[in-house]
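See the structures that follow.
One chain, chain A, links the two complexes that follow: it is found with chain B in the first and with chain C in the second.
Entry: the complex of A and B
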């Protein structure tokens, strides 16, 4: 038997079609609010893809290439200076990667690029075994190893846990293969969004005309969800896990003492996602902030301020983070950073999201 | 740039329409009652009851149940971390315990975003998310009614190993295209898996060994399925097809390794797992080579503690089910009617009610999982010819269809059925055979437009 609501839905649908039929509407056919395509919303999605996501991945592949070059220079001439230069290149490559964690969806996820680049912890037992074996440490060999034996954190371990005179031929051979693998994975990630037969960027920009993003609003929800995930992760995972357990071994990027920068760049990525801008690359676009401002300018600004507050609060944690978690004098700053991220998370989900869904 | 949306007129229009709709609906309701209707689902029932969330993004399967208490939410968050924990070779300070033989390194490495995994094997690019279950028909089961293990392998091929160890085998999955034609002349393509297994010694797997490829299923809503009373499942069973509708439905009776007794199976493609804790402990040891307090395997001591096993179990019990997509598309309710008319709902049962459960959030929820949790003969095309407790080589547990429409959003692609062979929902339907042959035939005989409506309905779930 038909339910009451089922009939209501059917009749609403029929009336809607009768009233709007023939209007040439480009109906998405369901999901997340549906409705006709909207140029303004389209510009937000376009700028998210073209001004934020793809340039960030482009930045990542450039910086990964620089990292590889710096490591090759280190191998050719292992000095304090060349090690320092390779470390700097590693820091630089982490910036776009962490910023891209505000959109851990799409190819980075289902093509396995995230674990290949950023698996943690490093499998040091196997790494030691590999280094002391007689296996030829080619890029192909390293590429086929488990993700916990490659990626940024393995490179970090090799670059930061040793002095230059402790790095031998095997370590260099391994390091070069790891950073080449990072470079090729970053290249793939960029191409997955920007090139090939079916670039994911085009799929997202085609929201409303495909089943991945059944409506334009679903793409906006996806942007917000990506931001939410990283704000939650920084506050309640990356900071909370080592801090609550007073466990320095649970700290991300612990060999390089780069944790605080990682967290700040995570949240910067969320800011880029919200504003449609990538100021560091000179890109200014249309963002969710402008859509929110249409109905609530105060909220639009407050959201942006809260994300900036979260970045500032993270940067106020005394350095290095792995020492700060054990220092009672740093506890207030750590808690304040968590609270700032949670505040931004709450505003995003409780106030901004409903506006987007209207 | 200022957006000039037509918010106010839109709202007025909706109110205007709603008023007349209410009047007309009231009148038509009586007519619908008289005509008997076609058995559509009650849209007032939320897919996952009070656990449901309104999220149709790629993160939709990662939401905690909406009705969790503050205390449960904290526990769920901790479980989220253990579910994501990446294991490494011992000794290690963080997450030791991997291997020496394994398929992958964490729960979420296979259950992508808590959804289904891909039919992938190997070390390059995408790493093994699928696995191969094996059994030796000449062997001796290690638990009552269980599958006889293959000597030197066990019941699952671990195709990865920590450095210095040899994986049990190299597994290659290739596809063979199968073509067919609808009665209306429309051609279609299916693909059938072709499995090649080369053992560590370079020999092929013995031809007498039974194999079954499995992809990881989605993790959402499992706590609710655990909370469905056994009597409710048994009431849907009809092993001898007494009602003559062509659909039997049998419960699998499987081994509970803690209680050391046989009980109803609910989880896995053949319903071979009785509960989520046993599922989690089995996945730890079989998939990752990590021993737990419940299953030590060959390890001398548990590599995860009681708390970790409990948290991971809790996490899988307390993931939300996304609500159905809201849509104005009239094809969706029409597709839903077709779903019922074809008899799909005889197995993909639309409504269940949970009963008692240790977690209060899961109790007494009216849900729409679209499964009866029973085994059905699905025909020769899907048969793996490998018994699993009481499930025959042709039987599979009805897959829950809730949130199946989010598959492509979560995964970026689609792969359905136990081995991921179906690349679309249409292909999945076309593989149905056995007890589902009539429903499949009914689908094939529909005009294309009607077939598309059924797919639209499924996509709205």
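Entry: the complex of A and C
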């Protein structure tokens, strides 16, 4: 994104460099330029942490709490309306989670939160076996279950695969424990980045002064790697696996028919990571796009356009995705969505990354 | 006088010259027929000569082959002698050895005593024996090993973690399962060493694997040394015929696969999956081991080794993933003790026994000290039998295990880094494994002599890596597995083998599909 702010920052940077007469030296271990450039890169890292990652996790914990409340309300008053409200709360919580998949590094990785929250595909045989077991489905019991037996997709199964009159005490017991587990994990994710003794957000912002991020450029590379992983995952995993194998069971969010939105939000997360903006929350910051625009404005804009194209191509797949994979008429749209993600991946890695590393 | 002499000389010279010319033998000049006849005779003689030379060459060759064959046999017998006299548990399946071979071994022991004297004399004379002996070799070296190649067909998909279990499929897989090089060295005074290197799946370095326990993700498997493992490397000291001490890396005396690891030791194409999914397959560790051969009937083994690392424990394979190998060194802060008792009846080809393993603290061997207040001790108990009597041959094993603090371990493991490449799934407090196989040799019924073994066989495996778990753990029926295997095993001089079998696997609930596969394994043991 070549924003006005980006142009302004660029002009100010150039003026500042000229005024310094090139006398400053880079001693931070960061990439290329002088002291001003370090501040510029620092602003990108800071905005990535403060405008993108932490607000997304904050959003996730809020919406996970709302989901838990909606499920408790459903248990208290099991009606079509309360079920619908709980389903809506589930859809809403999925948005920040899927967007956060553009940075599956840090605590979400090394604490195993990703599989605990979002393992898929879940399999109904095992879920039914849990329901039919004698075990008391406490939060502790659910916490100990394999990742494929808890998290968003188990909640999805219980909320979407049953009608309201089919939800018995056993299903509610399982559902409430699962959504409480989602809520506590989401809370932990937020705290891991924003609070505690050693918040990961501060570690990332301290890039160049710690061993996790030995230089500022390494933090930028990590941002790009996070984006790459999700673009690859959407094209070659989430879409390709069920489509290539014509296997409905491999579809993510197959009970709620939310697959397409999930994929689009995955890529939206990559857009946020690239621009340093979170428009949905009204947050605008400095992003990688502005750094790229310094040397290649056309590339900076093209990268942003390609990510947006990928989102559009995903949303062009006929709904629901689980039916579309079996429909020959939908094959072109599915392949086009994959190609759009791959194109963005290639540009990111072959063109943008080298600019960052200069 | 002179004139007479001159005349006589001249006549003599002329006569001599005449006699030397053909003209002096007018009647000896051959006719054309006779000439031809003589030529033919020469040809015949030449022919006869060539035939006899060929016969001679043939006889020479035959003799050379006979000599070579006899020399080879001598080498074989020489190589077999120490083995037959060594009553270590590894050779228990070979009970009831030939007395003559034992006698030869005794003779060789005498020869070694002479060498030993020579050796010490040279040391006393200030010699550097290791240099001198290196020319001949300080160790008497023996190569052993085996190769196992597998072709498989499956009617099910590789991902069991699907609704109803693995989907139906029709796939072939070929595998260079393992190639093992085993070098044994014997010195005087019972000193020796053994080094065993295993090449698994024909590759080295790192491989990609699909981890269905981790939701079908592609993962790069990095094992120590890739897929080339030094499985045994130890120095040993034999004490006459009553004991053996080992130090280094060696097989644990628990279960049966450490003793029946060669493909000719078991009947089915694969090793029993029950045992290999509950404890590390052909389990080797580092430490010290002492085997005490009480008499012809009783053997005892004691071992002190490094313990397991509890970060690798998980749902699908219980404690198997705790076998260390990711890092350059083995953590041994948490030690393990192993004890084994075997009772043999050589005349009946029977061995029965029991063994126990106690890992004192599996948390102490975690890469990071992230469970300081939890010891998570591990107990394994086993009972086993091996028999070979008449045409019948078989073996069986039952293992039960208990892990203390399994809940704490599971809780901590699920928060481990993805980079550690461990399952991060819950581990059960208990696990159970059992298997048994039996075969009947029909060689002579189908016109084969005793160099061949042809054995129809059956095997049953039953194992559950979630056997009686704690109340707070869901007893997932997919972890209870039963496998029926039946097929035909052929071996030639106990060296070359070809096995064909069919296996049917059932999971612990009717909700899961059954899984069938056909295996064709072949290879050699040397």
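By definition in this document, the second predicted complex is superposed on the first by the 317 of 358 C-alpha atoms of A that agree within 3 Å, B and C clash if a C-alpha of one lies under 4 Å from a C-alpha of the other, contacts with A are read in each partner's own complex, and residues count from 1 in each chain.
Simple rule for what comes next: a contact is a pair of C-beta atoms (placed from the backbone, for glycine too) under 8 Å apart; a residue touches a chain by one contact, two chains touch by 3 or more.
Since this is a predicted model, take the numbers as computed values, not measurements.
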Looking at A:288, would you say it contacts chain B, chain C, both, or neither? Reply first, second, both or neither. neither
Of the partners chain B and chain C, which touch A:334 in the superposed model: first, second, both, neither? neither
Check the residue A:176 against both partner chains and state whether it touches chain B (first), chain C (second), both, or neither. neither
Which partner, chain B or chain C, is in contact with more residues of chain A? B
When the two structures are overlaid on chain A, which partner does A:211 contact: first (chain B), second (chain C), both, or neither? first
Touch test for A:236: chain B only (first), chain C only (second), both, or neither? first
Examine A:106 and indicate which partner it touches, taking first as chain B and second as chain C; both and neither are also allowed. first
Tell me which partner A:148 touches in the superposition: chain B (first), chain C (second), both or neither. both
Contacts on chain A seen with chain B and repeated with chain C across the two complexes: 109-112, 115, 119-121, 123-126, 129-130, 133, 143-149, 241, 249
Mind listing the chain B positions that touch chain A in their complex? 1-3, 5, 7, 13, 17-18, 20-22, 24-25, 28-29, 32-33, 36-44, 55-59, 62, 77, 81, 86, 88-95, 98, 105, 109, 112-113, 118, 123-127, 160, 162-164, 325-330, 332-333, 408-409, 411-413, 456, 459-460
Chain A - residues contacting chain B, complex: 1-17, 19, 27, 29-34, 38, 40, 43, 105-107, 109-112, 115, 119-126, 129-130, 133, 143-149, 200, 211-214, 218, 221-222, 225-226, 228-229, 236-237, 241, 249-250, 286, 290-291, 294-295, 358
Sort out for me which residues of chain C touch chain A in the complex. 161-165, 167, 214-216, 315, 407, 410-411, 414-419, 424-426, 471-478, 509, 511-512
In their shared complex, chain C is touched by residues of chain A numbered 109-112, 114-116, 119-121, 123-126, 128-130, 133, 135-136, 138, 140-141, 143-149, 241, 247, 249
